[in-house]
């Protein structure tokens, strides 16, 4: 099983979740995060003072998928989240050694 | 060392942390997250318009535990977080290859 | 490639990001989290009732770095985030098996 | 379902028919307005608006900021519902019971039901229209009722609260108002209550404590209650209260001029003394003066000066306001900790204790030099006034405690008083009202899902509700 | 750039020169104040302040709480800009067009341009200074304009909105005000509008619907619109509206005294009836009464009583307010769902429908016993009044619809009416105003970066802007 | 510890004893009220309430919204403490120093200490009770003091601030008020200051700059200061200020009627002109008009009209308000960037510069046609008035700068002026007041821990504090 950590633009969140739903991936956990990278932050000006923030709003999706599906998931996310502009985000893949469904105590791929 | 990523209902947070304390696990990092899965979101109605959100409030606990303790931790969490209703959450286990305590520079299991 | 999960004091965030920039690590994802550990929470009193919270504000930085750079990154973070007081935080290192830049579809170390 | 809806329609329709048909309009026949003074009337119009404002949104925010964020809307709804319900009850029968011509000094009677005979002409002995007097008093009744909710927020059922409001204002507030201000027996004993120390604050404070005991503690009390979720809202509410208090106290002169100015000044000064003393107490005892403390002290001072506002000198108001903080601080920090009652937002500690101190203090500091229509107090050679005030206090305490107890016990025969454990746990906003106060998850700001054909299933989807049909 | 800046300077300078030089000051020549009554004047001063308050911050919060958090500042900016722009337009020409001596019952004329001849002396037939009357009416004009923005928030361009405000108040509001209140032809027909049922609420409600249709739906409508981001702000705004409404309705008596008291009472009671009925409707049909519902019902009741406030009895106001919630609930839940127009904040459903009901209801419930200067309505033997009211309604609906349509179509010849897709997606706060309302990311509270030599590059860095030079 | 607590008790008790015993109550002896006008009195009662409201919560939110979220309560506490402290100081000696019968045009004297001889009877030459005049002026003193805090928030110590408040109002504000309004030497020179251009705005603006320089920059200035944490609170505050400004300016007529109406109108119009001009400047120079800009411009306009409100025509007020935005924009964007002083919330840029412009503008635009009790200005053939105004400005600037400098230097002999680095870093809310403004972490909404036997250890545990014993 793999854990995909997906960083995307907030405005793409619903497209991405919909794309994942489409290929049958329904379980995921989402958070509001701030990103830094090549993309530059917005400048805002208050009373003549310019605040440049390099913390850019992003959303993070964490979703565990089975080994045979994760490439497909990556494709789906890329299609849904890409704009072609700097700042589209990243997907990181890590290995999950074990997974538990708290409600039932199930383990492994049946958890997903 | 293992990193447990635990997704639970917010109302179970203090039970779970207490359960972990009980078996001697005191270090952990918690965040407010939104989950999607089998559980359906709440519907709220504003002025005749129904908003159905599929982002359900959850809490995420990340805790690194030593290899010999993590099964025990999983048991403790399951006991404390289970209601038996859909939406109880998941535990994902990943391998930690290294860990550092910033204050001392210690490495490995003594960090926990 | 490694994923560093860095937990630090909020007031050290800009020092740490600056330190990472200095060694050429510009990509990272940051979130507001709450920590528990050895450090004790603040006590606040409202109308004679004392609220002791053991959820301490921390910031989490997640950054993926190449295998040859991660020791250097750990050094940089430790230097920038250490105060010597309990509560300085931790760094956890996990293996990244794959990484994708959504904008281009690139994979592997070139993503960083 | 269909049936129930019809019943509702019939009910609503007949209610409205009743409204404009049942009562004679002769009330408005004689609009002479001979004795109405424009300056006085303006002051009462303004004071009424101020009392409305201190209630909604004032009290609602004062309370709402102190509860957990899953109960903020519910807390506000208790206030909002009392606001609209008591306004109507007051017009229909409350005013008549409280300020009617009266039956034997005990009960106001039925002459003013539905604001009959309450019109634009000057009220007897006053220079303001009867109608604005009635509305002004109605807002007092409404806010007093809502203050009680602070003792039982985060757990009482919404429907129970509405029924409680109606009964309480009828059988607790209206009698006390009649006895004290409407010409009833208490006023004949010589008790002084300028703007509602007994009628407003003791009644609400004691009722809140009684209700808190009858309804029972929150499940999370005392070890896991939520910290106040937004102190800025709390502060805004506290200052709205302060602002409105000028209408409350100085408006109780029922005219503009010197007496209103005295009440205005004592109000501002007692509030300030209260705030400052609380800050110093916290500083001395705890090292850190808090905003919650400073604002609570200010409110304590304002509560205490309420019965005295038009009877005492400016310097006395310093003592009354400052000592109010001392006794209320003690109530919140020592008494409550010892007795372990769950008066959630400290209504008893602030309004009850503060009101009792204020009523007694009026007996100590009152001076005929300030207000010839008042009386001299202990310090001006008349110790008996303290005893008279003590009787007032006693009556208010007993009436509030017994009345509230009986009302809630009766209601509990028909329905449970409190929400279920599950509702309490998920928060009352969602479980009672189906709403979240704050929708600030950034991820919601995402563009339309690509699959509009299944809007209900799509992430974050929103659908226009099918209106009445869907239920 | 340099050139453009010069042009601005010239423009601003010449404008100000014009301001104090162009008009004769003889307006202030005769400051006799013979007939000015201090009590009445105070009431109008207060009422003006209250109307200002219900607008800013009242309306701004009422609207702002209901939009998504990326559009809150933009929503507020529509209100703020109308506030300042219409105030100035009103002073320069609006007041003259609306309340000038008039030309043939159609148009107010030019006598009061720039508040010429509008001074501290009493206005004809009134006991208040002409100037405060003019300012009071100006605040009506300003809030009415801003109400319209609720139909088109989250998409109309800011510059378009400002131009629209100027044109709308000139060619829609001013004529209707003149016809109804300034002595124009409608008032001669005998239509009753105490405080703005047609002039304020129907005009704004219908204009908002028209504007929503001309500007078009939000891209996210109806399946992905954002839930209200802060219901506490919404509640605060609603209660500020309520508070200010006393100045709006009771102030429209243009004097203190009995009539103002009647209007005050009917306002409070109609609002309460509206709130309560809406709560009960939701309870019956949906099981959960909501805060948004209760507050919306209150506002619906207040809208409906506006034209009637000084003409009907207190009991009639219960019916008017209560039924307002019934019709507005229907409009929001059935009509809107069926017709699928994107009137974002339900201006048409509340102000338009509520205003129409109120105007008609005035024809039903009005009574000369309450106000001899008014008329009797259907229930008092004069069915013709309903027809007269219907004419008023029709005129208002047509004027608003046609006027708004023409204004927007003309503007659209010069510039696009709405923001780009990208701006809509990123939120108007950042894309139009370059600001975020909330900066609450805790990570920003971090200490200074150790590399001050490159402040712009450092994380979270902030730099003092180079002032005018940098642009 | 035990000892310290006793000392406190003794102190408090003796203070209160003093309060009601030390002064004769003869002040209230003659309550004739012969000349009191109810309409005028009502206006002053209302104006006093409005000034209170613009201060708390107005100013507190205006400031609080602009600071970082870890300093919001601290920012509010500076205001709240000045509010209560200055109210008491004013009553005890401030009013006497500022409005006493006076000693040689320099000092008000001791006649009114403790509001002796300040009673419900009309103040000499006015138609309002002396007491409400005194309270009204006291609220001016209090808000002026609190405005200064904007220059030093996020770093000055709370105890230092309280001591500063007491000294500043005594030796800076009271003299200037006496000289200008109390019959002192400045007023004899013929300087005009209708509602506080010099006394309120220049004093506070210059004092804030001085204090900012003496206390020193925030450690984060200029490269890492926090962005404003909540612009909605800022907006609410700004609009509360605007609302209250009507009481401030139009109330300064000290009577209802024509003059109050003029001041009301010029206030509304100057504020609007200020807001609009700032929006246009930003639009022209920066492409994006901001909410912060629009609101700041409005306040700048209001500041500038303050000294002129009752002396100039409505059209002049457009020029005064509009140009205020030009000069203040320059101050904030060019001057501040160049000089690099850390006047945190731009008190000098808005109140100082705006106040100076307003005072001078009064000398330019004043007209006896508007107010015969005033004077003609430059444009009405009297260039000397500009010089007279310049003297006023100079006196205010010098008094504020020297007074503030001396007070702070003296305090710094006894205690450090600013918080420690660590306190600044953790935020003043927690470090000075032990509170968090917002407790919105969802995880706190969790059910009771299963181990109630160790409540203090359990996660998120809350424990009833042991009251006074525990400290």
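Note that the chains take the letters A, B, C, D, E and F in the order they are written out, and that residue 1 is the start of every chain.
As a convention for this text, a residue touches a chain if its C-beta (ideal position, glycine included) is under 8 Å from a C-beta of that chain, and two chains touch if they have at least 3 such contacts.
What you are looking at is a predicted structure, and each value in this text was computed from that prediction instead of being measured.
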**Asked** By label order, what chains touch chain C and chain E together?
**Response** A, B, D, F
**Fill in**
A correct list of chains touching both chain C and chain F reads A, B, D, E
**Request:** Examine where the copies chain E and chain F touch and state whether the two sides share over half of their residue numbers (same) or under half (different).
**Result:** different
**Item:** Comparison of B-D and A-F by number of C-beta pairs in contact, larger one
**Value:** B-D
**Asked** Which integer distance in Å separates the CA centroid of chain D from that of chain F?
**Response** 31
**Message:** Based only on mean CA positions, could you tell me how far chain B sits from chain E in angstrom?
**Reply:** 49
**Distance from chain E to chain A - Cα centre to Cα centre, in angstrom** = 43
**Asked** Where does chain D touch two or more other chains at once, residue-wise?
**Response** 37-40, 42, 46, 222, 224-225, 227-228, 230, 236, 286, 288, 290, 292, 333-334, 336-337, 425, 434-436, 438, 441, 443-449, 458-465, 467
**Prompt:** If you look at chain C, which of its residues touch at least two other chains?
**Reply:** 11, 14, 17, 30-32, 34, 36, 44-46, 48-49, 51, 53-55, 94-95
**Request:** Could you tell me which shape the graph of touching chains takes: line, ring, star, complete or other?
**Result:** complete
**Residue ranges of chain E in contact with chain B within the complex** = 66, 222, 225, 227-228, 286, 290, 292-293, 296, 329, 332-334, 336-337, 346, 349
**Request:** Name, in rising order, each residue of chain F that touches chain B in their complex.
**Result:** 441-443, 445-451, 457-460
**Prompt:** Quick one: in the complex, what on chain C touches chain B?
**Reply:** 2, 5, 7-8, 31-38, 54-55, 58, 60, 74, 77-78, 81-95
**Prompt:** Which bits of chain B are touching chain C when the two form their complex?
**Reply:** 3, 17, 26-31, 62, 64, 94-103, 105, 111
**Request:** Using the touch definition up top, name the residues of chain C that touch chain D in the complex.
**Result:** 44-49, 51, 53
